[in-house]
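Across the two complexes that follow, subunit A remains constant while its partner is subunit B and subsequently subunit C.
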Partner chain A sequence: MVNVEEIRGYAAGLLEKGEVKSVLGFRRGSASAFAEPCTLIEASDAASLVWDPTCLNNLALYLVKDRKQQAVSKTPDTRPVGIVAKGCDSRAIGVLLQENYFKREDVVVIGVSCEGTGVVDPRKLSAKLKGRTASRVTFDGADGINVSVYGDGTETVIPAREVLADRCLECRAATPTLNDVVFGETVEARGYNEPFHAAKEAEKVSEDERWANWEHHFDRCLRCFACRAVCPMCYCPECVVDSTTFVVTLGTSAEEKANRIRWCERSANTSESAVYHLTRAIHLAGRCIDCGECERVCPVNIPLRLLNTKLEKEAFEMFEYQAGHDIEQASLLSSFRDEDPNSFIR
Partner chain B sequence: MEKILSQEKLREWVDALDDCEVYAPAFADSVWNFARVKAGADIDLSHTNTIGSVKEFAFPQREVFFCFEKKDGVPVLTPTLPDPKPTVVFGVRPCDGRGMPRNDTVFNKEFEDPYYWARRNKLTLVGLACNQPHSPNCFCQSVGGSPHAEEGLDILMTDLGDRFHVKGVTAKGVEAMERGRDAFDAVSDADQAEVEKVHATSRSHSQRPLGNLDAIAEAIRESFDSPLWADMAQHCIGCGICTFLCPTCHCFDINDEVINPTTGEGERVRTWDNCQFPDFTMHTSGHNPRGDLGSRLRQRVSHKFLYFVENHKTQQCTGCGRCITECPVGIDIIAVLERVGQS
Partner chain C sequence: MPAPDDWTPRSDAYFASPLAQGTPGKQCGLAATGDYQPSLRSPWLAAAATVDVKKVARELAKDDGVVFSEDYVYMCSDPGQTAVIDAIKDNDLNGMVISCCSPTLHEKTFRDASELGDLNAFQCEIANIREQCAWVHSDMEVATEKALKITRASVRRVQHNQALEPIGVPVTRRALVVGGGIAGIQAALDMTDAGLDVILVEKQATIGGNMLKLSETFPTLDCSQCILSPKMVSVSKNAKITLMTESEVESISGFVGNFKVKIKKKAEFVDPELCKLCDDCTPVCPVAVPNEYDVGLTNRRAIYIPFAQAIPASFTLDEEACLGLDPVVCGKCEEVCDVGAIDYDKKPTVTEEEVGAIIVATGFDLYGMEHMGEFGGGRYPDVLDGLQFERLCSASGATEGHIMRPSDHKVPKEIVFIQCSGSRDPENHCAYCSKICCMYTAKHATLYKHHVPDGQAYIFYIDIRSGGKGYEEFVQRSMENDGVIYLRGRVSRVYEKDGKLKVMGVDTLAGRNVEIDADMVVLAQAMEPSKGTAEIAKILKIGRDKDGFLAEAHPKLKPVESVTAGIYLAGAAQGPKDIPETVSQAGAAASKVIALLSKDQLAHSPTVAKVRDPYCTGCEMCVDACPYDAIALVDGKASVNEILCEGCGSCVGVCVRAAIDVKNVTQLQIHEMISAIMA
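Entry: the complex of A and B
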């Protein structure tokens, strides 16, 4: 079992010694039974850190935010940042390092092993409770998730595999491979499901049915862009789907602005939302590390992870490539090996 | 008009509204949302609250203002004022109901928006009182509402277990009840007593308090330059969940969408916009007066609890709690107001 006191002590130590300017972690919030992200500045704040299967967020997003803030600051604070990272989160940091978004010495990775458990999927929990809210969610230490239902206070135990996130069921590396320290035991993932299980299941359906299914989902998309906003890999300062598809500066001419290309209209309809989601998926091919954040944050529960794991599966099957597993490796899209398949080039 | 409707006869009433488009909450894709009801038997009012608010029936995410094309080199505009069938929405929670008069004000006060009103005038809202809060983030009573508030609703239904108490609040509501008159029974003294008891119990459930709303408005006014905003928005990801799901957020963008560049055929379209997006306030110069997430959080909160109060004498928040529950990083408007109030 992970002893949260050890994580707190380590984080406090980093801050006390001034080795980092801040530590990104999880704390209990006022909004829900799930933990919320926090940024610790003082060592004394470390007591608020928590660690359990409600620590859903991939905090690597905030490393990206910090980098962006540094880029526009006249007096950037370039000291390293500490970050609590699960196995999947550490792979996100790996990809950002491969892409030279920041340097290895800019980050202190406080790895935490999921110990073969993982995190709860709020969408699956909502399905179990038919939309009712959980006021407390805890792991029973074995194979069950204890849930207190808000309102009548009902306590239920749900088998973990029924409410754990799909990515956790298919987890290939529950222990952060990229780390400066790891808390918790290095155990193999439980292997509830084989890797890419959900993607393989989805592929069994006929193409027509698959398209009908995605049309249904794209049609429901609100284009709130939460999936993009939460993704640590979606760090572009300009995005093809925005109304302003390039960075406007004081030097941008009126002509450039007038002639900007709109690749995607703002209308949240099937075609425009399909353009948005498919473009995003393609831009994440070989980069997505399967943290599942896009799917978690979707307010209307579009199964976005499927799009990304499908491409992750292609990258794995065609190039034996797993994003973020090895930071010494060149990234998929910037490397070529003689043995790479080239049958698609005609 | 007050009536009693048995659970079994609900479908009868819904079927009597056969010349209307009827919507009700449905649990699909693991979330409650409004969906078209094809037959009364499909209706299920066991919902918590819908993910989308009822505003979208009058203010859809996409509204075409007019079509344009070039005919013989001359631009021709064709108006496209919507002409929907009468629409009845069941299962509207009182927080969403109270949102609608606030939206009505926005789309009526200085300019009567014909697109909004073409839909709004055809809309009948059938509310369902909340016998208990659905989530710890419900706070209708802290913003002047109640779990059985009638404001904005045409009909208020109250679940009494095996039957509903149904109250026609507006003439439009009474008319919708008249259409299904055979389904209803008279209200007995015992029914009346029970409704009052259920309503009183619903108000007794604890909700998160906000304190004095005038003091909050004042505190916001004084905190415009406070570093608190940046601190509270530290983990904000800048998505549009809070505002798109809000029953009273009404900001929009207008764009021309070209369908055929050769003929110049296209549509002028209004779509929802969102003060949390960076391009919302982007000037053509490239300057952005709300360039950071702190100033955008401040705008969202100030609009609801200060500017709207100054302009329209009421808060632009009805306590549905969606922005809290659905925020991916736990930004909590009640906690925000508490911190601003204490500063």
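Entry: the complex of A and C
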């Protein structure tokens, strides 16, 4: 079992010695049982850190935000940032390092092993509680999740398999591979579902049905771009599918402004939304580390994780490539090997 | 040229065009479609008869920004070119699209014409309505619609083309030749005659290659060594040639005119300057390994000289065969060498050379005998391949020119030659014809009869391919004067019985099975690219064909050019060929290099990649993807070396941030083209 005091102690130590400018972690949320991301500046704040199955967020997102902030700051603080990272979060940091977004010495990874469980899926939990609100969610040490229900104080144990997020059920590396320290026991496979289980299930349906299904989902898309906003890999200054974030700098010529390309219109209709989601999926091939954040934040419940894990499955089956596992490796998109399938490339 | 009845040239279009109203940014395109008249009788043009070019020209004339649109039968002819130049001048065009065949064929033609009309060459684009349009459709309506879309897309593209100037690149006036066979030797000598410095790299201990192993050459029966060794000596005496034997190209960087090549030379344990060829070292060497020069018919020592006239003239130490280069283990040769030429502590060296052009002449190997199990290849000592038989006939060979069986040294009285052994057999072996086997088998049979007048030679053949000056006469002589028996048919099996090799074949002309009790069987093995061709092709980034031979850039018009600019091909590495053809190709490759390096500067295409700095995050994916090492990170942003960049667009494909573009093929232009096609 992870002792949260150890994490607090380590974070406090880093801040005390001035080795990091801040530590990204989780604290108790102001409403309900779910933890929320926080940034610690003072060592004394470390006592507010928590660790339980409600630490859903991929905090690597805030490393990206920090980097963007430092890039425009007149007095950038170049000291490293400490970050509490689950297995999936550490892979996200791995991809960012692989893509040179920041340097290894810019980040101190406080790894925490999920130890055979994972994080809960708020939707599954809410369905289980039949509308009641949880006040406290903890591991029971085995294969169960203890849930205290708000108001009546009752405590129930729900089998982990029934409330864990899909990605946790399929997880292959629950222990952060990239780390400066790890708390908790090293556990690799969960033994709940086989890797890419959901993607494989989705493939069983006929192509026509699949397309009809996705058309249905894309039709519902609001184009709120929450999936892009929460994704640590979506850090491009200008997104190719959208011109709202078009960067105008001193170097942007009048011609460039006039000739801005709109690969995809902003209107939220099925066809434009399909282009947006499929482009995003392809741009994440070999980069998505399956933190499931896009699916979690979607206000209309589009199963976005399926699109990304399908491509990760292809990457794994065709090229034995796993995003974020090896920061020395060349990116999937930019490299080829002689033994790769399809001989036309040679 | 007559205009169709329902179409009048839109002379008013010029006045109505935005250009004439003084809007400089807007461009106008000339859609000039030629070569597509249905009435033409030439077979490939008939295939192109599916596009109604008059309609294409007529429709395009109505498009925005197009001020001149016309069709012409032979746009690439001289009058056609003049029409293009006139059209540019008369209409003050600032962009032009020629809708015709592929740009590989005519882009240069029309860009030159464009320059003559005072329009920047890079404002001219080709819309290819041949390969992916006219040739693949039979329905004229559909094909015409497609041709219209393709041309329209190009017009939209050219409206955003920048005027560009070629990038001038200095030239290194030195050449590298890879492979020291007759092709490499000839190419090197020809280039030095033109005043170029040449580095000749050879993997073996001596230059000479396969030709060195031949006894006589068809059809004149010249002694092969006698005609080759003067050339080898010229190489060693030529001050402009740096000869590097036992060396291999390890890596290459750079580009046409300015390659940087890393060459690895094996450790030189015997100093060629000191070695005085006394041959005191070989008698004391305890190791014996098969001699490559005699194709395994004799053995040699670990320290050896490949043959008497080897260039460089020096003994050499075979690292793999030697007992370990450790004086404690052996060290006998060092002890007896009184000039102290042997040094076991030598290490391999890697040198970097700068050259402007490269000729690859890595030659051939014979298809392995181990593949010919049905003929007893690799199993019976008296079943030989063509090169082994050459060594038996050669005065410098194992038997000093006496033909005898390797097994018992008896003179073979019945000998069977099997042609197309491994060639022309797509199911089991090589699909192609090895070209030289018909002739050398006739030569072998003739030589055999000269050595063994009372013997009988049989040749199994599929058919005789004796195209070449004096070749057919040579084959006829072998039949008529030397009594060689030609049997048209294939051999099913060769096996040993009572000290004889039983050859089971068929004579299809007589329609009966043939059984010959032969003393010796010679297989005319197929030629295949020499070992290491795949590696060198990969290192140099040049292509190979389906059979593994090095690929020429164009089968008709660029037979000695590789697909990579500045790298040329010579000899059997490019495909099976005989000595005269190899020598001609080597001369051709040399003249290409001489022409290339005769200029002070080379023009490099300016359609190179350009980074849009604000969007670059420095992820380095383009750096990894660039096959030309043309991109590096400078201050956290990708930066393109325009001289190294070939404009291939690999970087554009991998950049998920769309932060890199190839000039005149920008994303905006691609977007415009797609829009035009989807409209």
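Definition applied: the second predicted complex is superposed on the first by the 305 of 346 C-alpha atoms of A that agree within 3 Å, B and C clash if a C-alpha of one lies under 4 Å from a C-alpha of the other, contacts with A are read in each partner's own complex, and residues count from 1 in each chain.
Here is the rule we go by: contacts are C-beta pairs under 8 Å (C-beta built on N, C-alpha and C of every residue); 3 or more make two chains touch, one makes a residue touch a chain.
Treat the numbers as computed from the prediction; the structure is a model and nothing was measured.
Of the two partners subunit B and subunit C, more residues of subunit A are touched by B. Once the two complexes are overlaid on the shared chain, A:G131 sits against subunit B while remaining clear of subunit C.
By the document's definition of touching, of the two partners only subunit C reaches A:I261; subunit B does not.
Within the superposed three-chain model, A:F319 lies out of touch with both subunit B and subunit C [touch as defined at top].
Once the two complexes are laid over each other on the shared chain, residue contacts for A:A226 go to subunit B alone; subunit C is not touched. Once the two complexes are laid over each other on the shared chain, residue contacts for A:E238 go to subunit C alone; subunit B is not touched. In the superposition on chain A, contact of A:Y192 is made with neither subunit B nor subunit C.
In the superposition on chain A, contact of A:S30 is made with subunit B only, not with subunit C. In the superposed pair of complexes, A:T252 makes contact with subunit B and with subunit C alike. Shared interface residues of subunit A (contacting subunit B in one complex, subunit C in the other): 247, 249, 252. Remark: subunit C residues 160, 612-615, 617-625, 633, 636, 654, 656-658, 667-668, 671 touch subunit A in the complex.
Those residues of subunit A that touch subunit B in the shared complex are 29-32, 34, 36-39, 57, 61-62, 123-124, 126-127, 130-133, 135, 150-151, 217, 220, 222-226, 228-230, 242-244, 247-250, 252, 254, 257, 265-269, 293, 296-297, 299-302. Interface residues of subunit B, counted against subunit A in their complex, comprise 27, 29-33, 46-48, 51-52, 61-62, 132-137, 234-235, 237-241, 244-245, 253, 255, 257, 269, 271-274, 277, 279, 282, 284-287, 324-332, 334-335. Interface of subunit A with subunit C (complex): residues 99-101, 235-238, 240, 247, 249, 251-252, 256, 259, 261, 263, 283, 287, 330-331, 333-335.
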